[in-house]
Each structure stands twice: as C-alpha cells, then as structure tokens.
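See the structures that follow.
Here chain A shows up in two complexes: once beside chain B, once beside chain C.
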Partner chain A sequence: MSGAIYMADDAGAVRSVELDGLVALFHAPSGMTHIVAPPAPQILEALGQGPGDARAILSRIADLYEIEEDAGTEAIEARLDELEAVGLVRRA
Partner chain B sequence: MSDGPDQDKGALANPNRRMVLALGAAAASTVVTIRPALAQTAGSVLNCEIPVPGPQAGGNHIAADGTLVAPGTPGSYAPAPRPLTGEEVKVMLRGGGAPPGIDSESAQAYANYIRRLQSGMSGFTCYASLQMPR
Partner chain C sequence: MRHQVSLAIGPVSFRVGSAWPGPVRALAELYGDYPKPEGDVCDFTVRLEPEKPWRRWLRPSVAISGDYMLPDAMPLSLALGLLAAEMGMNLQMALGQKRFLLLHAATAEKEGRAVILTGESGAGKSTLSALLGERGWRLMGDEFALLDLDSGDLHPFPRAVSLKNGAIKVMEAEASADRFGPVMEGTPKGTIRHLKPRADAVARMEEPARPALILFPRFGGERAIRGVGASEVFVRLTQASTNYVALGSRGFDALTGLVARCPALAIDYPDTETALTLVEELWADLPQ
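Entry: the complex of A and B
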C-alpha cells in the first residue's frame, strides 16, 4: 500500500536557520517564512533525496535518526498535510 | 561529582550516537507561518494575472521543467497566449486541469515556470498570494 507521493522544492529555494530546536525556513518562491518543529525539518530533509510517500519518508528518517520502533506513518502524513498547506511540499 | 558533564561530553564525542527524533502525535502542529505584508493583498488574488514568461523574458520558450530556453529548443513550449489568471494558476498548481485553450503539457511547463518565480519577477506577487494559507 502506498500513499500520495510528495516532493519538495530544490534545496536552493529554501534557506534555513536553526533556532535552538526549531528551524526558521525562508521559502524564496513564496516569500514566506515558516518556523517549523521536528519532525517537519527532517521530512523536508528526507524529501531532499527525491519524491516519496509517507512510508518512504519514514524509512529515510529512520536511516538518520533513532525513532520509535513502532512508529507509524500517521504523524508523517499529518505533517505532510501541514507542509503542503503552506507550500513547502507538493504532491508529485 | 562531575558525572553529568562528563556524560554529556562522552555522548557528544561519540560520532556513532544518532539523534533521537520524536515523531509526536498526529494532532500536534509543527508549522507556524509568518505572513509578510503582501498577505494583506490576498483579497483580490484570484483576479491577478501571471504572464508566462514575464515581459523581461519575452520571446523565450518554456522547457518542461519551467526554465526559459531559446525558441526552437527541443521539448520546449511556446509562451502562454495570454497571461494566466490567479484562479487558473491555483487550479493548475494543484494538479487540476489546464486553463482553457492550453494543452496539458504546456500547462505543466507553465506551472513549473510559475513555481520558479522569484521576488521581483513579473507575476511573483500573484503567485506568492496564491500560496498564502487561509
């Protein structure tokens, strides 16, 4: 079973600054600034490797971070909805 | 006595220690958007227009990935016959249908061109307004 495939803009479209646990993102194409909390920056980082659905994103994140053994994709899907609503990701 | 600091140092010094990431609850929101002043103009968004390409690139064709290329470049599309309206662009960017009179492949190239618009380029304010969450 696979869900919607998401993609992010090229890395050059977003400038990011780490702010003590949060990350400020300036999205040049929209001119908007977003402050995001984990795991949103990690989702964007995972999409930097190319488009993927929530399951692929979760697997990429698990390659880099320790996550709960039984972590499902629900939280990832909810974050993708938010990131899509503000224009940081879109459906491929 | 100094167990705490020593432990911290040990953890940081270990390159194999991976960061722990809590995915959190699905309901816990993680994005806050700072709206720039132009968000105030969003009222008339759907009536704004985006020329493809902008007048500064007049005559150029649009490649499938949205970059500007010389006319006649294989795989490129002629400029849009008229400026696209905000409403049309909004539909197009969400994977909806192509605007009337424009075939779907050209529309895809135009959508990619619009996604690449930067501040200062013709149509950028219109595009940015379309992105505003409501």
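Entry: the complex of A and C
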C-alpha cells in the first residue's frame, strides 16, 4: 500500500548551505530559514526528482543509508510530517 | 524641526531633529570631529518631538530596546534626549537598513582584518571594543557590524561609544578627558557617558575590513575558550541580526558566507584584561 505522495518546491526555490553536518536552507517562497539535519536534506533532494511517497523517497536515498526498510519508511514519514509542518514539502 | 544636526557615521548619514536644543547641541559636540554628510539628503531622519507623535513612533522600538520608555514630562532632559537620539538612530538602522546585513556586534580592525564581538547585552562588547580601540586596534563600532551584502566586507559604524556604569571608569583610565561627553546620571540604563572614538577611527570610517574572527564573549566565570559549530554560529548570528529576515536570500547568502569564512569561538572572562589577552592570543593564532 502506498502512503501519501509528497512534493517539494523546485530546486531554485531553496538555497542550501552545509554547516558542520547540518544544513541551512533558505526557502524563498516563504522567506524562512531552516536548519535541518539528515535525512531531511536528502529527502528534499530525492523529491527534486519528482513527487513520491515515503517508500519511493527511501528507495531514492537508500544508497546513502543503511536502514531497515520498514523502520526507514517510518522515519522518512516522520521527517515528511515535520517538513510539511514547516512548509518545505506539501502533499501532491 | 526647530533644531537639527546632520551626521555621517561610516557609510550612513542621519538627520536628527529635535523640538529641544539640548540633545542636538550635545550630538553636535559629540560628533564635531566627524565629516558632514555630502549633499542635503540623509539616509535616515530621527525626530525628537513632544509626547504624542514621539510616543506613537517609539512604539515599535519596544521589541528592540525594550528596557526603557520616555517619560511624558517635557522638556526632555539632556540625558534622555541623547538616549532618545541614540535609540532613534538604532531603530532607523535596525529596521530601515537594506544595504547591509546588520549584526548587533562590536567590531575592531587590525591590518585590514576585523574581529566581530557579539553576544547578549552585558557581554562586554562595548567595553572590549572600546579598549581594543585604545590598544592598537581600530574601533569600527561598538553597536552594529555592517556586513556588505556583495563583498562580504565589514563597514565601520564608529559612533560614539555608549559607556554604561562600571565601564565608564575603565575607559576614563584609558582615554583623555576631552574625548568624553557629559556624565548622564539617573537614566533608565543607569549612568551613561559617551566616548568619542580615536581620531583615526573617524578618519578611516569609510574604509571596510575583511572579517577574520567571530567571538562570543561572556563576562563572568573563569577564563575559557570553546569552539562553536558553524550551524550554531549561523543561528546565533541570525538572532543577533536586526534585518536578516527582511533581506531574504541576500541576507542568507551574506551570513552563510561569513560563517563559512570565519572561525568562531566563545570566550568566558573574569575581567577585561583577561578578555583582551584572550582576543590577542586568538588573533595571533589565526592563519595569515
């Protein structure tokens, strides 16, 4: 069963700078700055390839992380909830 | 306005108008050695007016300075008038400045490179920068660091240093009497006395410097040095900035650039001499 499908703004809408393991993001549409930890930047990057649910996102970034698929999906969903709450992703 | 004076401080010009002669006369005296702004147009206008318009205009400043209000009584005393002018200049800069990213920080320069001292009120920024300015550094400013959005350089904003309470005696031992303004007792911030920066700081106030070191000083406790991670530096500097949000992506680029370029350390110090020694040691350790 597939979960909710998420999408992110175009890559041009977000500036990102890595700062000692964390990433500072400037989200131009909202004018807000966020500091995010992995895997949030990777989720946004994966959504740059197009909308997807947690499982699809996980498969796109799986090569970066050694995580159990089920636990991983849950973790990705939790991060998607947080990213949605701050307006960095939205449901497609 | 019945009384007014125009001031150029670094790259910024102000016109301060007042219904009362005292504050304007005191400002003109304090800034008598500064060059006058070119032309008739100033970047910012500050008005000191009777109760109603002044209070209406003052309201937004509560979020910034927050710890005092002007009394209703008129006329303004000299002390409150100078404070109000200073606060008005701060407010205009803090809210209106679009050319630079403003950091609530003191800066001092040596050989073209600058140290940025930032921290909460009471961390000792003003005193430390004023002392550095007497001991071989060029005081660039004790209140605002002006980060150029394009070049990433810091521009001086060498206003008269606003010394409070114990810092007054410290600086009276360092600088000649003719560089001090009047002693203003009983202000909402205690006793205040202004110190004119050294002549070279004023003469070179259009000369920017390259930021080289960020320090977060904290008064009290044993001498200590701690590294501060880049993400924490970034967050603390967004909090220290008055116009970061208003500048949008330009502010983001300027601030992340600064954080990437400059090492940053938190320092604790029990007394000002220790703090000065720390600054000099850390400065000497910087890569050339």
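Rule of thumb we're sticking to: the second predicted complex is superposed on the first by the 83 of 92 C-alpha atoms of A that agree within 3 Å, B and C clash if a C-alpha of one lies under 4 Å from a C-alpha of the other, contacts with A are read in each partner's own complex, and residues count from 1 in each chain.
Definition applied: a residue touches a chain if its C-beta (ideal position, glycine included) is under 8 Å from a C-beta of that chain, and two chains touch if they have at least 3 such contacts.
Just so it is clear, the model here is predicted, and its values are computed rather than measured.
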item	value
Touching partner for A:Ile76 - first (chain B), second (chain C), both, neither	first
Partner chain in contact with A:Arg15 - chain B first, chain C second, else both or neither	second
Partner chain in contact with A:Pro38 - chain B first, chain C second, else both or neither	first
Residues of chain A touched, compared between chain B and chain C (which is higher)	B
First (chain B), second (chain C), both or neither touched by A:Gly87	first
Contacts of A:Ala28 with chain B and chain C, given as first, second, both or neither	both
Partner chain(s) touched by A:Ile61 [first = chain B, second = chain C, both, neither]	first
Common ground on chain A, meaning residues reached by chain C in one complex and by chain B in the other	28, 31, 33, 35
Residue ranges of chain C in contact with chain A within the complex	229-231, 233-235, 238, 244-245, 248-249, 252-253, 256, 259-260
Sites on chain A touched by chain B in the complex	9, 28-40, 42, 61, 64-68, 71, 74-79, 82-83, 85-88, 90-91
List of chain B residues in touch with chain A within their complex	18-27, 29-36, 38, 93, 95, 115-119, 124, 127-128, 131-133
Chain C-facing residues of chain A, complex	15, 17, 19-22, 24, 26, 28, 31, 33, 35
